[in-house]
Amino acid sequence: MSQFWDIYGITFEFAFVLGLFALSAFLGLWSGVLSLAPIAYASGAAYVSARLAYDKVMMGEANYPLVFHLFVGMVVGGFLAWITSFVLLRLGSHYLALATIALVLIARVIALNLDEYTGGTVGIPVPRQITTWHILLILGVVSVMFGVLRKSRFGYSLDAVREQPEVASSLGINVQRVRRYAFTFAGVLGGLAGVLQAQLVQYLVPETLYVELAFISIASAVLGGAYIWVGPIVGALLYTAIPEFLEPFLGSSKNVVNGILLVIIMVFLQRGLIDPRQFRAWSLKRKSRQTKEVAS
Amino acid sequence: MSQLDVVSLTRQFGGLTAVKDLSFSVSPGAIAGLVGPNGAGKTTVINMVSGIDKPTSGTISIAGQDTSTIKGHEFVRLGIARTYQNMKMFHGLSVIDHVIVGLDSRRKTTFFHALVPNPIERKERAAMRDKAMEFLKVMSIDHLAESEATTLPYGLQRRLEIARALATEPKLLLLDEPTAGMNQQESSEVAEVLRGLNQKGLTLLVVEHNIKFVRDLCQEVTVINFGEKLLSGTPQEVFNSQLVREAYLGKQRDERLATFQSLRAGTHRNINMGEFAS
Amino acid sequence: MNLFIQQVLNGLAVGSAYGMFAMSFGLIFATMGILNVAHGTIATFGAIAALTVVENWGFSFFPALLIAILTGAAIGIVTDRLAFQPLRARANTLGYLITSIGVWIVLIALGETALDHQIKTFPPDLLSWPRLVTTNIYLAPGQIWLMIIGPISVVALYLVLTRTPIGTMIRAVGFSDVWSRISGVSSTVVILSTVGISAGLAGIVGYLSSIAFDNVSVPLGEGLLLKGFAAVVVGGFGDVRGAFLGGIIIGVTEVLGAQYVSGDFRDVITFGLLILFLLFRPEGIFGEIKFGAAR
């Protein structure tokens, strides 16, 4: 077991953090918005946290505690998302998607040009404070949050806004506000995940949190199923794990599997692997079988 | 004071005038009808009255209050609820969840209650389920609470849609083609349900092109064609008028054809759904 | 002054590449709603195929160009049949985007394998004309061909789309799939022609820019994708003229900005322009063709 962990531990750590990114992408989709923006906010948050740590260490002092860095990440991510949401959420769905991709591209350019603070192309080292258990704990807490969210007033609003925004509005739901909350919360999660990712790679350059990761986080969410929070986490685990386990057979083209998997999922299981509708169908079937048995 | 006052309402889409200088009103407690052939602008009117669309000019007052500065999602507070011609169910949500969404405007919890498990949220959730169940009972679909809404037969989806609208506790319910795609049996059942709601004090505005349905149900009728009012009055006055007969029933053949087709589509659908449900 | 002219010419060459790519990328998005992130990699494959025939069989410039077009079109059509066609009845932008991410991952892996994870270049004797050399101005043959073929392709594509029956059909599918079904035009033919034209054009861009920038590699296509994407937003994806113009604007401002403002600032200008357009004129310079759900 411990040998297994020695080999694959780091893979799982990345998978769990990708799970957080996928959840932040899922929040957007849940409010009916295709947004890659959380990665941009993650980048901002990671740089702020990394810089704070760097300055401390350079001064020969002890780094801030981990909790402080996580908090900074969430605040920065949430704040950036909140500010930009006023502009972005005005756009129609196609343009919104384009604009959020643009935001990710711009975040890199800003990071490159603020080289006094970010180190530009050279980047900035990030001291690692997290352990696997920290990451698991964070993912657990976030999962519980999503569980509560799903059955709360806000979760119902999100469902309605995603499926029929017009109807939601005529039932008294403020669609723009629901979307803005979801967008901001996605920014908070993105900021959190950004700080974690930076600590995992222990070195932050403008391409650490960039388009590839944005695409992969959306892809994980859709692969696992973007209709319940379990989906994005499962998607992220599969997305990271499958190529690793297939490496002995496929070598450096191991990532091809993910590409093919994505296409297959989209063609045959458009709602992803985990679909709450399927659960409901099963539980109804079981119930009706039970009542039949009782009747006979 | 009228429940609804529409004064010289006009709506243009680009160069096209969908509704032109339309005025009518609905008295409290009435069942009013807005009729006209397909494409007469009925749905456009309903969209404006329910706050989904804004008029180009003219005013809409609900219980005496002018709505020109009110946002779409705030119309609920004025006691307006509506149904849709194509029903617009929430894909993937169960029957009872639809009604719980409809209860949103009466919930007290905020976004922050949704982040950590807490008793306030839990208590409200239970209360909302009970409340939603009551509305399902009113529409006699409480036994289907856990089914997925979009798998229900057509007629039951109509009932659910009305339950969802009722959950906002409206004073005025707007129904956009409540019998579209239904057979005779189903539409008279809907009429019965609506009459029951009206007797409990709900004002209804029904948009239809099914004349028989309107004649049997409504007390006041406004006829529009090409976005303009032809006339209004009691069903007898309106449907006996020469003007309406010419403009509206002159197209009887087309109408019959349309009704036939929608009927056929409706029955066809019901058969499929019936098989699926059993 | 000479320096200024030199840089404007450099900008026009780069801009032609961006513009051609933007046309082909925008055409797919406008007519079919596919935001195809694999499109840049298709351009890379155009370059890879051309390099292969040049190195192994000594193809000259024009036959290799033809190979680049055919390879691009073939890859475009194959991926469309395998990955996008099965989704067509029910997909939305998100579905297409995810699928194209899948295609992109596969193509990148194949491209890296084909290139053996290296950056390669075309042999210098492939193209020695036309060349513009004065005391202060130098334009390489690759740049000149970009500036020649770019405008030709925009005019040709515009004429095809507006003056020919197949072009009308392509635009009709862009307007509404239902319309094309009613009019009895086989949507398969239309879709395949659109994909063929678009991906073939991507193949041309990949080939020409890999000569002009002396770089055959997977990142070449990714760069084209990002800049082409910016050009599409600036120019508007509904009109090929707008998309090309968007590419020219971005190419020229980028090169001039790098010269006169700051080299590091190059991308700030590009993406600053991008944000401005998204905020104030999201439909681009020429506006968009209305497609999808008309409201």
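Think of it as A, B and C in the order they're written, each chain with its own count starting at 1.
Definition applied: contacts are C-beta pairs under 8 Å (C-beta built on N, C-alpha and C of every residue); 3 or more make two chains touch, one makes a residue touch a chain.
Since we're looking at a predicted model, the values are computed, not measured.
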item: Graph separation of subunit B and subunit C (steps between touching chains); value: 2
item: Identifier of the chain whose CA centre is least distant from the whole-structure CA centre; value: A
item: Identity of the chain that, by mean CA position, is farthest from subunit B; value: C
item: Separation of subunit B from subunit C, taking each centre as the mean of its C-alpha atoms, in whole Å; value: 49
item: Euclidean distance of C-alpha centroids - subunit A vs subunit C, Å; value: 30
item: Between subunit B and subunit A, distance of the C-alpha-averaged centres to the nearest whole Å; value: 39
item: Complex contacts: residues of subunit B adjacent to subunit A; value: 50-52, 71-77, 80-82, 84, 88-94, 97, 100-102, 104-105, 107, 109, 111, 113-117, 121, 124-125, 146-148, 164-165, 167-168
item: Residues of subunit C defined as touching subunit A within the complex; value: 35, 37, 82-83, 86-87, 90-91, 93-95, 97-99, 101-110, 112-113, 117, 226, 229-230, 233, 264-265, 267-268, 270-272, 274-275, 278-279, 282, 292
item: Footprint of subunit C on subunit A - complex, ascending; value: 29, 34, 87, 91-95, 97-99, 101-102, 105-106, 108-110, 112-113, 115, 120, 211, 215-216, 218-219, 222-223, 252-253, 255-256, 258-263, 266-267, 270
item: Of subunit A, residues touching subunit B in the complex; value: 144-145, 148-149, 151-157, 159-160, 163-164, 166-175, 181, 227, 276-277, 280-281, 283-284
